[in-house]
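Each chain carries a letter (A, B and C) given by its place in the written order, and its residues are counted from 1.
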């Protein structure tokens, strides 16, 4: 790590500051506005606002709907992340092997990630349509009768999790695959010469080398999955009977449908505070400055 | 890459790849196939391979000639293209400087970037619209571009920072000893080596922008400035969205991506492979 | 190779500079139209009817107005569910629409109370209107309705004939008919059950017919009162009896689902408004002749009900308010009927003079379906017909029924009864508790 010594360095510093400044202003500005909203009682964005201080927080923290949504969100994000990471690593390992048609397979594996969420939701609903869905018919043919896919809370949650896994596993796979490319082949050769099997090579060479990338991916996916709104909303709108309602949906419903903008902003802020705590824990175990400590 | 494989290994690989392909592709197959069947047949029992085929492609005809599909497509493309360019430049600058220089408040900067993901986009979009309106950018695709960059730059910074961190500094230092500035050392040494990461960030930025709905919906009003996801959603919102038309709409959004991607995948894969050569 | 600072710096600086210039000029190019537009007078109109014909009708009117007065009217279209959000976003950014479309009285109230609307009392008072359609706020009108969307029941006359059934007057007869018609891949009834506006529009008609009211004249909840609760319980039990005759997946059903099911001959009854007939004429014309209609029956055969629905325009308080008022005056005199004709059976006129207007009557669909039009008109005039909806409960426009609407508590009660087999009384209690949290 060096400091900004030369003139070229200082020009770089200026550009850096401008970039960081612009980005942070545009990110933090609206975020601070949202937090500020939570201190007011307001029906909509255009209604008059009254200051209520922390009353919204007092009201929401004792609301069982908030805690239920939190629990639902944790179930959803943790299941989705675990599956995405496991499948993503598996796909990346497969796509790292040499086989005919690999280029095509790499394209196919990424396809789900290319689709807008609304497309995925429509297709899932079409496949699972109560009367016309292909999978509904298959379930019938196997002998399950006509499943009420979206009427059963467990099944609704499963669908939402699987749809998320289908969509975002390619993200993990691509990052992991890119990281795999940076592992020198010589290390594998040396290990094989020493008699290490494939599994040993994976755990002792691959994983440690790609660990930094993997941890970043898990961090990002965790934040995203916790705040994922579109896919859940489009598939179930938080139903049946709030079984799939997590914090983003609760915030949205309060802010935009139930004329409780302050309440919605409060839920969003509480969710964000929770994430910040988790982030702090993450940074404790994966410090940002590890390289600096060593250098 | 190991080239010797046991028979069991080969079978295992084949099964694994086949499963992965079916898992990834089947819903898309069904979506495309459904859009090609005549509307009435969609109400009878579905079969894996369709028995009938709508030669007139009525669903597509309706969508392409009676909606603003082409305009929306161009808008999405333009926005995504600019987003990729701007995000790449800014992410590279920010992440490189952070990984190589002593920057005060580094954790705050990096952590602060994540705030873009901590709030529901709808809650952020409306204040953003107010900010843009003050700059006369209210009903303007530039606003959408900037909003998308707030999503893509944090991702780019995080991913590239990881890449740059893992890159030992001695290569650049060697170049600098030879008389290069930090900046030219970057272009000569670091950039080629971090190509997989950069290509990855480019692809993700493109996709984040292409598939965004919330910002494009809030920040833009005029029909001529709408993007594809907004267009498709309004088909959804209308009373008579039928499965055939919906599937056609979904396919139309996906198809250009598939085409672009298959054309560019060569570069993408080269980008990924470039790293391997270095190893 | 050795580089010195100045030589190495320039190509990179130049590159950076040209990037910035490109970005700036790009921004200028994109912003240019905005600057130009401020020179001609422009009105911005937010439309929430995304069908092609409706948009075309509006654009035609806008073009004509521009030729006549030189004032440009720009039409933006969003799906109806997004209209209120879009209006809010526009106002917040200081770039409000001049005229908007709203489909909930509660939204009109919010905007009026926030001072964002211009009263159009004189314009509204020029005509006679049907019942429960103009929502005056403090004796002023802020809303110009353009249609009713009542939900009633359609049925397959040919299927009825085959089984020798007659149009039901009571719940029991309805359940009997639905059961008799459920066979060979056809389902006797179809009622959406999700916590969404489709279900709340299509599945409550039976309950309203039996005289259920949710709020009294003081906005107190009476859903679980000693008089109302037994009726609601009976309604839930009746829906439970109807449930086996419905196709699976009704918790996911939306407006389009029922349209698709009926036009695909999958269901014998379908709740809907005039739109269904229009869709049949387009997609399955042979079915249009075989389709009859009746209102939701009650348990005793004394009353009928339809579920309320409505749309209208508001004039926003912007610097162009005078121009907006002039446009609305011209539009509602000269193009109102053209707009209604973009969905001639679904946009049921709210203005009574339209029913006698030869221009309106001279529409092929309206001519062909004279019986249906008479039926629709009779909803407004018959004494035994109840017109109700959750969001219009109470003696006048208020936010509380609007909030009740958004909780979908009655739909949850339906789901509890039908899917979880919860005792109806318990389901009503849960729904009432939920309603009380927003009252």
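Basically, a residue touches a chain if its C-beta (ideal position, glycine included) is under 8 Å from a C-beta of that chain, and two chains touch if they have at least 3 such contacts.
What you see is a predicted model; the values in this text were computed from it and never measured.
J.: Please classify the inter-chain touch graph. Allowed labels: line, ring, star, complete, other.
T.: Graph shape, chains as nodes and touching pairs as edges: complete.
J.: If you average the CA coordinates per chain, which chain's centre is most distant from that of subunit B?
T.: Computed centres place C farthest from subunit B.
J.: Determine the centre-to-centre distance between subunit A and subunit B, using the mean Cα coordinates as centres, and give it in whole Å.
T.: That gives a centre separation of 15 Å.
J.: Measuring from the mean C-alpha position of subunit A to the mean C-alpha position of subunit C, what distance in angstrom results?
T.: So the centre of subunit A lies 35 Å away from the centre of subunit C.
J.: Tell me, which residues of subunit A touch at least two other chains?
T.: 6, 8, 15, 45, 129, 133, 256
J.: Counting only residues that touch at least 2 other chains, which ones in subunit C make the list?
T.: Within subunit C, the residues that touch at least two other chains are 5, 8-9, 85, 88-89, 92, 266.
J.: In subunit B, what residues contact two or more other chains?
T.: 42-43, 125-127, 181, 183, 233, 236, 243 - these are the residues of subunit B that touch more than one other chain.
J.: Would you pull the subunit B residues touching subunit A in the complex into a rising list?
T.: The contact residues of subunit B facing subunit A are 1-3, 13-14, 16-17, 20-21, 23-25, 27-28, 30-31, 34, 42-43, 45-46, 48, 90, 93-94, 97, 99-103, 106-107, 109-128, 131, 146-147, 149-150, 153-155, 158-159, 162-163, 165-166, 181-183, 196-197, 199-200, 203-204, 207, 210-211, 213-214, 228-229, 232-233, 236, 243, 246-247, 250, 253-254, 257-258, 261-262, 265-266, 268-269, 272-276, 279.
J.: Applying the document's contact rule, which stretches of subunit C touch subunit A when the two form their complex?
T.: 5, 8-9, 13, 16, 85, 87-89, 91-92, 106, 110-111, 113-114, 116, 194-196, 247-252, 261, 266, 399, 402-403, 406-407, 412, 415-416, 419, 438
J.: Can you list the subunit C residues touching subunit B in their complex?
T.: 1-5, 8-9, 12, 19, 23, 26-27, 30-31, 34-35, 44, 46, 50-52, 74-82, 85-86, 88-90, 92-95, 255-256, 259-260, 264-266, 275, 279, 283
J.: Under the stated contact criterion, what part of subunit A meets subunit C in this complex?
T.: Those residues of subunit A that touch subunit C are 6-8, 11, 15, 43-48, 125, 128-131, 133, 136, 146-151, 237-241, 253, 256-259.
J.: Quick one: which bits of subunit A touch subunit B in the complex? Just the residue numbers, please.
T.: Per the touch definition, subunit A meets subunit B at residues 1-4, 6, 8-9, 12-13, 15-16, 19-20, 22-24, 26-31, 33-34, 37, 45, 90-91, 94, 96-99, 103, 105-120, 122-124, 126-127, 129, 132-134, 137, 166, 170-171, 174-175, 177-178, 181-186, 188, 192, 212-213, 216, 219-220, 223-224, 227, 229-230, 248, 251-252, 255-256, 264-265, 268, 271-272, 275-276, 279, 283, 288-289, 291-292.
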